[in-house]
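Think of it as A, B, C and D in the order they're written, each chain with its own count starting at 1.
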Amino acid sequence: MNFLSDTTAPAHPALLDALVETNEGFAPSYGADAVSAGVKQRLQDIFETELEVVFTVSGTASNALALSVLCPPDAMVLCHDEAHIHRDERGAPEFFTKGGKLLPLAGDHARISPDALADALKQWPSDFVHATPPAVLSLSQLNESGCAYTLDELDNLIGQAKARDLKIHMDGARFSNALVTLGCTPAEMTWKAGVDILSLGATKNGALASEAVILFPSVKDHLPRLQAHQKRAGLMLPKMRFVSAQMGAWLEDGLWLELARSANDAARRLSEGLAALDGAALVHPTQGNEVFIRLEEALATRLRDAGAGFYSWPDGSARFVTSWCTTDAEIGALLEAAG
Amino acid sequence: MNFLSDTTAPAHPALLDALVETNEGFAPSYGADAVSAGVKQRLQDIFETELEVVFTVSGTASNALALSVLCPPDAMVLCHDEAHIHRDERGAPEFFTKGGKLLPLAGDHARISPDALADALKQWPSDFVHATPPAVLSLSQLNESGCAYTLDELDNLIGQAKARDLKIHMDGARFSNALVTLGCTPAEMTWKAGVDILSLGATKNGALASEAVILFPSVKDHLPRLQAHQKRAGLMLPKMRFVSAQMGAWLEDGLWLELARSANDAARRLSEGLAALDGAALVHPTQGNEVFIRLEEALATRLRDAGAGFYSWPDGSARFVTSWCTTDAEIGALLEAAG
Amino acid sequence: MNFLSDTTAPAHPALLDALVETNEGFAPSYGADAVSAGVKQRLQDIFETELEVVFTVSGTASNALALSVLCPPDAMVLCHDEAHIHRDERGAPEFFTKGGKLLPLAGDHARISPDALADALKQWPSDFVHATPPAVLSLSQLNESGCAYTLDELDNLIGQAKARDLKIHMDGARFSNALVTLGCTPAEMTWKAGVDILSLGATKNGALASEAVILFPSVKDHLPRLQAHQKRAGLMLPKMRFVSAQMGAWLEDGLWLELARSANDAARRLSEGLAALDGAALVHPTQGNEVFIRLEEALATRLRDAGAGFYSWPDGSARFVTSWCTTDAEIGALLEAAG
Amino acid sequence: MNFLSDTTAPAHPALLDALVETNEGFAPSYGADAVSAGVKQRLQDIFETELEVVFTVSGTASNALALSVLCPPDAMVLCHDEAHIHRDERGAPEFFTKGGKLLPLAGDHARISPDALADALKQWPSDFVHATPPAVLSLSQLNESGCAYTLDELDNLIGQAKARDLKIHMDGARFSNALVTLGCTPAEMTWKAGVDILSLGATKNGALASEAVILFPSVKDHLPRLQAHQKRAGLMLPKMRFVSAQMGAWLEDGLWLELARSANDAARRLSEGLAALDGAALVHPTQGNEVFIRLEEALATRLRDAGAGFYSWPDGSARFVTSWCTTDAEIGALLEAAG
């Protein structure tokens, strides 16, 4: 009953198989191999557009690289106060942008409030030499409270930002989980909504270490800079085929969505089951594979005693994360221990 | 007959097996897992000392992280003019040190000349506010011309540097190849010689992507800063066990030395075979798994026509790199095509 | 009737006289001159302690240099959301700290609320590798709303910060104005209250361009790093005597306090006069040389028509700044135009 | 007999007079004043072209700001191995470019050798993701050995650089001294020769602290970025009129050239006088206001005993610097002591 994090889970066997399969003979280094080219083509099919892609090995790397080409050193990224890029990356965006600023914005359930965005844009001008100008709006989908922006919410926020010529970054460490929840197409949740650059994560959903920074057509010409930053950051792996091969297998035949759906389903059952109990109250809606719930002390203790692993969150709630390999039996056992 | 680079080679099957074996159940994230702890212990045994280690996924990452804890932003790294950190990392050291300087030094066969080091140390004071002070001496072992410093040469250079309180970094992207050549112990080639920090590379010798930054006792207290930099650079992988597991298998039962010896032997045969021909002249001694040789145009063409892959080097020579999987048959075929 | 900013005012004649007087013969460069040494001694007398000092030419330079020695690149400065370092320095702190983060805190009248500080310290741990640790608390005295922290307020905030081993920076661009308001000694408002480093500004109060970064005994050993950063930033002026000489004259015979008192008195008269009118309401208490007041449109227009220069502030108020050279006649004329 | 440095000399009285004259009434801050606008116009007249200008307070600041707009963080500046930007600015270029690299080139008398430049351009490609691309060629005029490039030499070097799309920076800390030596127009020595950006220094030739970064038409559109960097570096002085006023007076009626001619004449007399002695040998031609000469020990001692101030240079020679206020009497006294 390990609900600590989707990063503690093992990798899906299909991705390991892909590594073995890829390990045949020699291949060009640094991403110039045929495997990587094939995965790029697959991404173009899935996202229904031309795009450029760079493969990385952590979500922090993807986010920081993405921001490094959109935010000049003397400019600013607007994000939620709870955003992973602000709270959990030890300043990677500041490092990769070489001194950029992150402006934390308020909003319930880790969703940037449209008013907060409007206020920030009003307070921070774009062309006053003394003030750091906003350059990027970063949105997490799924976000840090396990919630997904609706397409309408995305449209509102992105519309405001575009009116000020900001670029849009989407932190998609749990992109597949949000996609399954919204039930829209990958294109609708990204470039059709105005997203310029996407951190697409597979690691939390079945990969060993495979992430991608995807440049949609609006910013495709940043590819050479992105590659230079990737190299400069030690993130251009010599044998890149082993990173892209994971993503290739993950995207094949809808495996990524199947795994996300499985994790989301488990989270919903867990969420509904726990929320029905006395002494438990959901803190955020469960819209992906994370459940944030306030538990009475006795209940929390009972769960821990039964061997359930979960984190106490800074706001006093408990966080349960399901993954592609969470089983019905585990959910059942947890709810039984709780009941 | 692919002699382009050891990074174009596949991974050794034992390392893939280790990935499969490691993929059992849940494990703590970010390097706090049991696999990583086990590999640290193995490194301590091999290097005969307590040490700290951080696992990474590229040699550039290792070098840059290592330098980031030794070289302040307003200080300087002394290295050979041909050093990988100077020539081939798109300024990763400057990025990770946040503005540090690399001072390129002269010397035959990519070995820093003792006189060049002495001259640089004389020209660049340590305590003059206007001048960038030297903080680190970086040595590549095996170096960029495929040569290894002898223990006496290391002693001379490191002695000069230590007399000025510099720290010593060793770029060991091909450490195992140099070790086999010298026939000394890992300890003798590192901390016993005064090396403070080592970039230990497995990727060029059989891994998919596995490297380590090793802090010897003299700089062990830098670990928290090193981990902060690792996180901040997007290099602290969520599922780190898959990186350390590769190194664990590589180090097991002397596999790393066996593979290096095989590659070195292949290089020596190739070197001797080619050098014996008319129209060929070695540019550097062959002391590892790289052969730099000047070939007459006709000879080079003959080799290429026979399907041999190798790079034309900027100095006009041809570079042939062997790897753990270079076969006797390949060497034979090459020499036959040449002869 | 120019109330736009104290930086639009001319310099006090005594400081120009000092330049002429200093311009005799040769003197060592870069701050090693006798004039600078004399001013350091004068500062030690005034602050009643040993200290180290570096002279600069702008408040932004002072603040950024100060923070550069206290905040590592992967750490964080806590400041008010309205702080000059956050809002008005184009990211100079992020630049000089090479990627540090500024965390904006709430509080009325640009004073950090003790609760906001407590909350931030709770949310941001000091030793979690994923989170940017707080390293510095920065307080503006006089602050950006023209208010001064009382000694008790300083004690509360600094006490909280010191309990977490943060260092304390005071942005004293209008230090003399606050000092006159509090009526305490310079020592009481700084190192005796726990301040480690002070940006002391003379430019807004009579200098051409003269500021100082003062290291109190708790951080005196940072001087070499501070000087290295000063040099590296192009802020170590060759003929530094002309910067320190201004500050020497400013500090002589209490001129700095006399000028500050004059400006504060003018602001108080202006504040009281305007606040007494229909259609005017003070937004912040007037505790220095700045008046923030909400004016009805008709009143604001009347003042502008009469030739009064003042800024419309982002919060909808009007800001009037007095300076050392604001005359009774100007205040009278303004109030007459308003009345 | 102070020949230590032209930065130890006092300011010319006309520049102090200008400060007093400028100190009348209120003026817009941060360089938006009429004095600064007037000096910009004067520079346009003198350089016979439209240009943009930013005023600074040190040569290091000017150079670093100039390079910050021309050299991306992952690119490179080519300069002479003796260049001030490489040797004497504590890494300011690396700081302002946020991690750029400086590549030191060889050449006699601190003049970049055309062959060394050609070789570097050949070795360092512009579009290879692993290698740091050259972006800027920086030339010092007058250079660090007191020598001036001829217009033909400039043409050769700049031609090579332009063929690879590099931008050209000229470090003109002693621009006026070189200009007098060459006897050409300011335009001929700069933009007509292909220079894109000029650090124009007055401080070594009569100012208290006044320098300018001049953008010629080819890079005029960089002004907003330059100003952002200036602000961010703490170099946008609130009362900028006091910096520009110095330069205005310096440029008025040819004062700058008169002072430079005077200093150069003094240096030539000193050079010829010393070089004629037994036990003295010029190390570099004297083409400005600096004399580098090897002196026998006894001669050097005799001069020091007579009260002459000069520096022992790292190459074993003695450096004598004359300034605008060096008198015939001083030169005479020195030569008498030597003879």
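FYI, contacts are C-beta pairs under 8 Å (C-beta built on N, C-alpha and C of every residue); 3 or more make two chains touch, one makes a residue touch a chain.
Just so we're clear, the structure is a prediction, and the values are computed from it rather than from any experiment.
Undergrad: Using the stated contact rule, I'd like to know whether B-D or C-D comes out ahead in C-beta pair count.
TA: Taking the two pairs in turn, the one with more contacts turns out to be C-D.
Undergrad: Sort the other chains by how far their Cα centres are from that of chain C and give me the top one.
TA: Max centre-to-centre separation from chain C belongs to B.
Undergrad: CA centre of chain A versus CA centre of chain D: separation in Å?
TA: 51
Undergrad: If you average the CA atoms of chain B and of chain D, how many Å lie between those two points?
TA: Averaging C-alpha atoms per chain gives centres 42 Å apart.
Undergrad: Taking the mean of the C-alpha atoms as each chain's centre, how many Å separate chain C from chain D?
TA: 34
Undergrad: Considering chain A alone, which of its residues make contact with at least two other chains?
TA: Correct list: 30, 73-74, 89-91, 95, 98-99, 129-130, 228, 231-232, 236.
Undergrad: Mind pulling up the chain C residues that touch chain A in the complex?
TA: Touching chain A: residues 73-74, 76, 87-91, 94-95, 98-104, 122-123, 129-132, 314 of chain C.
Undergrad: So in the complex, which bits of chain D are touching chain C?
TA: Residues 2, 4-5, 7-11, 13, 16, 19-20, 23-30, 56-65, 89-92, 95-96, 203-204, 208-209, 228, 231-239, 242-243, 309 of chain D touch chain C in their complex.
Undergrad: Which chain A residues qualify as touching chain D in the complex?
TA: Listed in rising order, the residues of chain A that touch chain D are 30, 73-74, 98-99, 129-130, 224, 227-229, 231-232, 236.
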